[in-house]
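Taking it in order: structure first as structure tokens, then the write-up.
Chain naming follows the written order as A, B and C, and within any one chain the residues start at number 1.
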Amino acid sequence: MSAVAPRPAARRRARRRRIGRLAWNVVGLAVFVVVAFPVFWMVSTAFKPDDEINSFTPTWLSTEPTLQHFRDAIARPYFWDTVKNSLIVVGAVVVLSMVVAFLAAVALAKYRFTGNKLFVVLVIGILMLPQAGLVIPLYVVLARYGLTTELMGLVLTHLVILLPFAVWTLRGFILGIPKELEEAAMVDGSSRLGAFARILLPLVAPGLVATSVFIFITSWNEYIFANVILTDQSNQTLTIWLSYFYGTSRNIDWGGLMAASTLTAIPVVIFFLLVQRKIAFGLTAGAVKA
Amino acid sequence: MTVAAETPVHRSRRRRSRLRQWTRASVPYLLILPAIAVITAILGYPLYKLVVLSFQQYGLPELIQRTGVWIGFDNYASVLRDDVFWDTLLRTVIFTVATVGLTIGLGTLIAFLLTRVSSWVRVLLTAGLVLAWSMPAVVAVQVWFWMTNLQNGILNHVLTEAGVGDFAQHDWYETSFSKLAMVSLLIVWDAIPFVTITVYAGLAQVPRELVEAAEIDGAGSLRIFRDVTYPILKPIFLILTSLSIIWDFGVFTQPYLLIGASQVDPSNYLMGVYVFIEAFGQSDFGRGAAISLLMLLIVAILSVFYVRRMVKMGDVR
Amino acid sequence: MNVRAFAAAVLVAALAVAAVGATGASGGKTADTLTVWLQVDAQSGWPEVVAAANAQFKAQNPGWDVDVQYQTWNTHLSKFDATLAGNSAPDVIEMGNTEMTKYMAAGAFQDLTANTFPNKSTWLAGLAKSGQYGGKIYGVPYYAGSRVITYRTDLFRAVNGKIPTSVAEFSALARKLGAKNKEKSFSPVYIAGTDWYFAMSFVYDYGGTIAVTNKGKWIGTLDRPKAVAGLTAFKRFYDAASRASKTTDEVRPNPYDVYAQGNAASIQGPAWFSCCVGDFKNRTAQFVMPSRTKGQPIPGFLGGSDLAVPIGANKAQAAAWISAFTDNASMTALRAKGNIPNTTSLLGTSVNERAAKRSWFVPTAKHWVNVENGNVLRTMLSRILTNKMSVKDAAEVASDNITFTLNQR
């Protein structure tokens, strides 16, 4: 039996797969354009001079791009302090919430104990509560602890708002792990907790990443609580700093606002790029090829 | 083998094993302790206060004097008697169903798309999704409005140029329906990245060995999805759907800003806007608390199907 | 990934908390610090006035420091509510003049009737009224701004238009401008359909009012003959002068953007609109919107701010700072920036100030804010302009709504 016969068939299959892939790529790029267009619009506006922004006919890309809006934004009071504050708050919130939530999620998903169901219901119940009603009572509590105008107060607030979400979601990811993989780990007689740590974590890593990105972005962009708690202009986060662009009673500096927003998006993208490698982009264990 | 009397060795061994049992039993409680501690310390009082306020007349004067007036169920009664409440509720339920459906549907489709494209397209598309996700709500609303405004919006421009029809100066915000449709699209656009990335992360949990084993057995891709992929993704879909219902039901920032503070009225209220205008915006905290608790109840009913499944999932273990 | 890594994560978390705790704990204010909340307009517009007032206050009150926190208009009230609940309200707060009544009625401010302030006897009447409730003074007038017409001198010259001295003259001029520029997107006078600040000027010009109070009860009066006459006059003027959308508000789009795009021969709005007229800067001037009576300005809405002292604040020092911030030197500086000072003794003859000669103000009812938030007047105007309802019917609906809302508990 000659070995030549299968090759043309294999080549046809390979070509079909390539064309299929090309078609999917086109679709993917089309989706990219639609999804990212508002971002493009924001960034392109940031580079336009003021008269172009307000002109009757919209322009795709500026004919005379300018960096003036960025310079103005950075020159506004407290810019770098505010960047530092936002990074501190979000960093602390992401680390703390992921650790605390992961512990709780493991307990809820892996252990049978009285109060398990009750705690799960409590978690989802807090998620269902409209936050508007909590603002002032929460402020009163923080004032009693002496944490208003302090970054710590905001960290605790974000933690408490995002913990239920993180617990709920991580529990789901852990529950989704196929039993076979767990049982394989138990066989070698290691302690339950040790097995969880060694086997569980790599498997839920993509879930951890997705959840942590959500927490990062939510905490980064959170405005309502930050605005009420951090009343001191020298100790605020970027979302509050951003609100000064559109909070005057006079004309709004759209170019400045778009430039400022573009700047605030940068750390998010950096964070994502750092962690995205864990979501199966190149991960060998568990990559799907449907 | 004779049954030996219990020696001190046996007793200490039993004590040790009981200690180990106790330690093992207390592990879950220790694990959830930090979460419970944080939540109780910070949210305990506000949750209690919210319930108490809902039974009180508590406006600005009461806030300043620090005492509320007990009025029993009057807040609830006045809300439940209000026609606007029921109209808004119906409108919000329809809005939620449509928005959640679009979000989960499109988000999942894009997640599967991610598995089929070359890696450079995958990185680009994911970066685009994260950028879209990271835009602050206020800025996203403003950009969306610019794109869709009737005078010089790019949407009208593109639709007219593409020959879909004459959309020059078309007002996308004319009727209540179109206003809410615009809001819905904005929220879908904003929510898709999270759904896509989470579903994709879920897909990454599906072990390649199982998929390949099924392929070797001769299963087609639909069979593989049903038997291998979906069981693993099921909790994720339940989570995403339940979360989307909760968030979309109570959404406030996007409808209020996109429709515009001067254009919101009872014909286009959503629950989040309603509770702001009728309660918190008027500094009527008692009424606001009552409406908040009613919203909690309603959203629990709306999502009970998904939530119960998620809660029960832990039983199988 | 193992227990060691896990322990490392916990350590990092602990360090993060410690870091936050360390950096977050700001140096702490000295025991004698006066907290002042001003709007961001002062930070960008006249920071030197603030600095001068601070210096003067500190010189006169040794041992005291001033911490000025700038706020934004859209959120400063919810922040204020929270600080009132948490017992950490500022010592001085800038409030919009339409925001005052609700808080005065709730007892949020301290009584300033007995204190002396610069020019107290010559305070601008329209502005001073917004700081008074129940016969007592709770707010010190800070500054005001009125509404003027910003117009294209070249377009007016092209139709031989002179500055109109009555509404009738303006309507005729508008028709001439409209005949010369027939495009749908061009307005001789760009007026947003639901711009109730402008529409109510007509109501007050005809002697009508929005609401009156009698023995503690409020009655909406837009359905009375004089008010209806004013609304009808507004509709007449609008049909002659504006091709703007009849249902949109005065912010989307911004009138000055429409003007800068070349789509309006004139716009009405605050005097600072002249900042943003694009290429037409040297072809732009302003005049006062005239009344139905020749030679008189129409009553204009006087926007402005007051300064108040919340309860629990250091009243004596707060009043001292306010005095330093509203003295003649400060008022002269504010006037130089295009604002209207709080005293008639410094009133000049700029267009802005002449327009303030006749002014109207919203009913000083504690629930007035709810009428505004409920868009009662806007809905009425869009119904009138789109002919969905007659003037009288729309006014009746609005009036009943106002009566109901203002009399709530």
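Just so it is clear, a contact is a pair of C-beta atoms (placed from the backbone, for glycine too) under 8 Å apart; a residue touches a chain by one contact, two chains touch by 3 or more.
What you see is a predicted model, and the numbers here were worked out from it, not measured in a lab.
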Category of the chain touch graph - line, ring, star, complete, other: complete
Most distant chain from chain A by Cα centroid: C
Whole-Å gap between the CA centroids of chain A and chain C: 39
Centre-to-centre distance between chain C and chain B (centres being mean Cα positions), rounded to whole Å: 38
Centroid distance [mean C-alpha coordinates] between chain B and chain A, Å: 14
In chain B, residues with contacts to at least two other chains: 63, 151, 280
Residues of chain C engaged with two or more neighbouring chains: 78, 81, 85
Chain A residues counted as touching two or more neighbouring chains: 55-56, 99, 136, 140, 142, 193, 243, 246
List of chain C residues in touch with chain A within their complex: 1-3, 5-6, 9-10, 12-13, 16-17, 19-21, 23-26, 39-41, 43-45, 69-75, 78-79, 81-83, 85-88, 254, 256-257, 260-263, 272, 275-276, 278-279, 303
Residue ranges of chain A touching chain C (in the complex, touch as defined): 51, 54-56, 77, 88-89, 91-92, 95-96, 99, 135-136, 139-140, 142-143, 148-153, 155, 193-194, 197-198, 201-202, 227-228, 231-235, 243-244, 246-251
Residues of chain C that touch chain B when the two form their complex: 78, 81, 84-85, 102-103, 105-108, 185, 194, 245, 247, 249, 251-253, 311, 367, 369-370, 373-375, 378-379, 409
Contacting residues of chain A [partner chain B, same complex]: 20-21, 24-25, 27-29, 31-32, 35-39, 41-42, 45, 55-58, 99-101, 103-104, 106-113, 115-117, 119-122, 124-130, 132-134, 136-138, 140-142, 156-157, 159-160, 163-165, 167-169, 171-173, 175-178, 181, 192-193, 203-204, 206-207, 209-210, 213-214, 217, 220-221, 223, 239, 242-243, 246, 254, 257-258, 261, 264-265, 268-269, 272-273, 276, 279-283, 285-290
In the complex with chain C, residue positions of chain B that touch it: 57, 59-61, 63-66, 145, 149, 151, 171, 260-265, 277, 280-283
